[in-house]
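Shared chain: chain A. Partners: chain B in the first complex, chain C in the second.
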Partner chain A sequence: MSKKNNDAAEKEITTAAQADLDDDLLDFDDDDPLSATSVSKKSLVIFFLIDTSGSMRGKKIGELNTVMEELIPEIRRVGEADTDVKVAVLTFSTDVTWMYSEPISIEDFEWSRLRADGVTSMGEAFKELSSRMSRNSYLNSPSLSFAPVIFLMTDGYPSDDYKAGLEALQANSWYKFGLKAALGIGSEANDDMLAEFTGTKDTVVHAYSGGQLAQMIKVVAVTASQIGSKSMTLSDETNEELGAEDVFAAKQKLLGQQIQEFINNQDEADTVSFDTGW
Partner chain B sequence: MVELKIGQEVEMEYGGKAKVINEIGRGGQGIVYLVEFNGMKWALKWYDVDKIKRPKDFRKNIKDNINDGAPSNKFLWPKYLTKENEDGTFGYLMELKPASFDSFVDILNTYKLEVDPQTGRAVKRPVRFTNLYAMVTAVINIVNAFRQLHRAGKSYQDLNDGGFFINVNTGAVLVCDCDNIAPDGSNFGIGGKPGYMAPEIVRGVAKPNVQTDKYSLAVVLFKLLFRGDPMEGEKVVKDICLTESSELKHYGQNAVFVYDPNDASNRPVRGIHDNVIKFWRLYPDYIKDAFIQSFTVGLSEPNKRIIENEWQKLFIRLRSEIIMCGCGRTNFTSMFVKTDEKTYRCPKCGMEFSSLGFSDRDYRMPLYLGCRFYECEIDKDSDDFLAVAGELVENKVKAGLLGIKNTSGKTWKVKMPDGNNYEISPGKGFPVWPGLEIDFGSGIQAKI
Partner chain C sequence: MFNAFSHSVRGASHEKRDLVCQDASSCRPGDRYAVAVVADGHGSKKHFRSNFGSQFAVEATLETIDRFYEDADSFEQEFPKNHKMVIKNIEKQIISVWNEKVKAHLEANPVTVAEKKVFSDKEFADISPESYYGTTLVAAVAGKGYTFGIQIGDGSLVAIFEDGRAVEPMNYDESAPANVTSSMCNANASGYFNSFYVEGRKLIALFASTDGLYTTFANEHDFQDYHVILASKLDDIETFKQIAVKNITKRSRFGTEDDISLSCVFDEEMVKANIDLLKETIESNKKKAAERKSELLSKKNIKAAMQDD
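Let's turn to the complex of A and B:
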């Protein structure tokens, strides 16, 4: 090795040592104890799966658009300093369409009003959702995530093979750990089918009138995002060491309890049914 | 739950009615309303009694707290109970948060959302400490509030980032959500907020108490200074999705501090935990060691958690080791070059700072224009960390001459380097000369 090379090597080493020193003490641009960025957060995506088939036309879709516009500001604060909440909306009629090409931060999200037309390709929607619920697609946050909230709203029975779509979804781990809820709008919606989607009847709700629709969407969406955006308070009254099996699906159970509690507290008396007066 | 309507009147326990003006916020246990009572505005916390495990005991406990009174003026303490409705619902009144205070959650987010009354749109407004003194003072205030609470034999139980309001200009602190505070050993069903809960609570083997408060307090302080989660590092991020069982593991059964010196498995991850990586290297070892103690041995041995008084001493020291350099750089002495035993040099601009050594400490306080020491630092019997006892000022007649002004209530004896003694009464000052000695008259001396 020539002397010149030696010098160069030495110089490099000094530079590296200098860089270390810089890193420790002399990086003036970045050593201010007050120059914090926002605390590191976990992320949560709320998926809304919305039926926009022809039968939703008129009052149903109008009411739904209005309540969704109002809902967004209401769930803005649920993440507090712990969670970055994002929203993704998938609509299904004859085709399956995302409102935006990726989940949007709740603070920047603007509802774009939906129109209803066509048939109910729910199975396709399940398949599409499953393909997007992946680290390589919509759930690509580098930080830690909470399992997503998935909220399905429909007024009828699928016109395609929803079982095949549901099977694809059920094989997806994000779906397995996710918080699932469904809203049946009007009397055509099928509870059993919706419970197949959620995995439990407790998180399936119904709306038969405009007032109920607004209320149910808000209660379910707000409750689910509150539970979804926070870690669980796992402790119970037993005072015994908890195991993984004790806490499995604890959030889904809690969501079921809270929704049922809400429904039981509701007065029966609500006004005009969706299925009358058309 | 039974929500209140705007304009609705709620009967108070000892007569009178509180009238609902609007909603302020919602929490896990109920809703907070702005109300008017006896011609004054108050905050009314109104409970969703379905969410409370033993509402009668819970109400009785609040009543006891009202009777005992707040441990200090740092608490937004319950003041008056409402009458209990037939269905058991009730609430209590507390004072409103002054507008000059921001929530700790907003400080962690570094902004708050305010709705512009003109457009109805949410606008982001920055929320940051305006100076380092204020941030360290906020820490001391928080620690001191819990010291006072614990001395009163009570535990907070649900200590988390939602429990504080802070003035970002002064570091003044108000502790809110005081309704779960209970005598140590009692619990009315609250578990706490995940991430802040002691591992033994997460595991299901303990209920909140003074010792678990100490763990939560360490988390709050860590979040305030390092702006991240002390238990969330590589090991946790690898799980990708934080399910209920991974939470039990990472915050309960197998919690590992991100800077555990004996376990590197959970180090902060660049790109995610940049704040923690950046700030950890700025702080002096005695601060880092206290967090290491809290989050390593303190994880499994509650009695080894740092006590409030210890935190208070450490942060009073940290506050006295701040240097605000003329070049605009503000940092702790640990980030300045120590050229000799008594002198610090700014590595950016080269400015040098002499220092003051106190007889009861093994560290020195750097002297710069505007630096201060407090009553508790010159009087062994004082716990007053807010009253400024002395401050470095510029002479009003001779520009450029720096001196220490006595802002305490006592007369000091100062021995100048020429050997002469002078009495410095309150309001007077003396120039900063090397070798000068001050006797504060309460057993503590200092020397430049």
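Let's turn to the complex of A and C:
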């Protein structure tokens, strides 16, 4: 070491030694010039993929708009504890359209009422989602800590080659590790196709009436957000560390269990006729 | 005169689980050169001594840079001519010194029964001894007429030159997946370093930080703007220390709860001469941030085909 720097080292301002923090250090309420760039908590993105094709016109899209407006404050509460929740909404009919040009913090998010028209370009929506689920695109927030929640809502069968879109999506790691749920609206929705999207039937739900639609959207979205933002680096039973695949499997299983539990309780409490809802 | 700062805080999640801080940081101020260095021990199961590994990485870096500067006149003359080769040699030397430190520590402190019992025999046999100490490393060096940095694994370098703007000068080599897998404990670790070298620009400050800091920001702009605010406080180092330590503690507590290390080197004269410029930049950044948010919220219903891919 050179002498000058040896001497300078003695004047070293601080080392990495972990000093005990003074009590006043933890008083964060006073002026902090660095607060202009706020502290972001661990963040999670919820993607809603919503069918706005012509068959959704009328009561279905009207009810969906109302539920989503009501849902925003509920998701906001999920994030209040220790997660910054961001929302991205992709609608698909003849065109594939993002509600905002990037995921929006739930604090700033305002629902833009949707209109229904056109055909069901679900495959194109899958491709678009896949292209945006990237660190270079919609998942570029430094504070992003969790795999996304992806919630598909549709009332019918795709009018394009959805399998090609699904293949593109299935090659995306964010999709692989994301928490996936799907809601079939009305009797035309195909549960098998929705299960292809989610990878399991346990997270596919069905709504046959406006009341059920409201319940299902809220339960699935809120439960998925809660589970999605859960830190699961250690397994409770074994104290062993979980890898990314284990975390994904555990979360998807938990979501499936909670959704099925809700549906079972729901069946006992309130059986709704298939055809009277709409 | 170059001055320097470094500090590490233990993450709130580590406090809750009664784990030691896996980060380490240090700095070396000086007339001819200054070094700021941070390291982030991996902390996961098989890297059970990574708190030592990060400390060794920091020490190895300071020792190596000092060694290269032993004949400072000669180094300053030769380095700009062959900076690529010299930086490669610095990286190799740091890895070599780190490995020596790891080896010495392991010899003096063999793996204990308690450390080993969480693995099956086969699991344990599959872990290389260097992996016990796995860590990242980010180092920033300010010299006379040049600035350079090296990095292995995740973490950030942010530079502020004479124009007062924050830039991230590291060009990540796509073939070296620095932000994904690389570590001081990789076989052939020196091949995984990224580096930058800048000549002919006047440095105000250069910051190195572990990813615990980066992950407390909602976006890249905020992260860069934060460093301009930090730089604007460097004219009074005692106040700076208070502000910086308090803020990274707050970020760890209310952000991602990870360990955070922040370290920097700065040119005292350049800071003093450019305080007004830095303050103007801060105001301009605030305006731009407000404009970005307003624009984002006003743009609705964007057809996918209209977006740039």
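Criterion: the second predicted complex is superposed on the first by the 206 of 278 C-alpha atoms of A that agree within 3 Å, B and C clash if a C-alpha of one lies under 4 Å from a C-alpha of the other, contacts with A are read in each partner's own complex, and residues count from 1 in each chain.
Just so it is clear, a contact is a pair of C-beta atoms (placed from the backbone, for glycine too) under 8 Å apart; a residue touches a chain by one contact, two chains touch by 3 or more.
No experiment lies behind these values; they were computed from the predicted model shown.
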{"item": "Chain B versus chain C as contact partner of A:251, first or second or both or neither", "value": "first"}
{"item": "Touched partner set for A:128, first chain B, second chain C, both or neither", "value": "second"}
{"item": "Partner chain(s) touched by A:230 [first = chain B, second = chain C, both, neither]", "value": "first"}
{"item": "First (chain B), second (chain C), both or neither touched by A:107", "value": "first"}
{"item": "First, second, both or neither for A:180, with chain B first and chain C second", "value": "neither"}
{"item": "Contacts of A:142 with chain B and chain C, given as first, second, both or neither", "value": "both"}
{"item": "Chain B versus chain C as contact partner of A:96, first or second or both or neither", "value": "second"}
{"item": "First, second, both or neither for A:76, with chain B first and chain C second", "value": "first"}
{"item": "Contacts of A:60 with chain B and chain C, given as first, second, both or neither", "value": "neither"}
{"item": "Shared contact residues on chain A - chain B and chain C", "value": "25-26, 28, 32-34, 36-40, 42, 142-143, 145, 231, 240-241"}
{"item": "Footprint of chain C on chain A - complex, ascending", "value": "1-2, 4-5, 8-9, 11-16, 18, 21, 25-26, 28, 32-43, 84, 90, 95-102, 104-105, 108, 110, 112, 124, 128, 131, 140-143, 145, 231, 240-241"}
{"item": "Chain A partner contacts - residues on chain B that touch it in the complex", "value": "1, 50, 53, 104-106, 108-111, 113, 122, 124, 128-129, 131-132, 135, 161-162, 191-195, 197, 201-207, 223, 225, 227-229, 232, 236-237, 239-245, 247-249, 251-252, 271-276, 278-279, 281-283, 329-332, 335, 337, 347-348"}
{"item": "Parts of chain C lying in touch with chain A, wherever the complex brings them together", "value": "3-10, 13, 21, 23-33, 44-45, 55, 58, 63, 66-67, 69-70, 72, 214-220, 222-223, 225-226, 229-230, 232-233, 237, 241, 243-247, 249-251, 253-257, 261, 282, 286, 293, 296-297, 299-305, 307, 309"}
{"item": "Complex interface listing, chain A residues touching chain B", "value": "23-26, 28, 30-34, 36-40, 42, 73, 76-77, 80-82, 107, 135, 142-147, 173-174, 177, 230-242, 244, 246-251, 261, 265"}
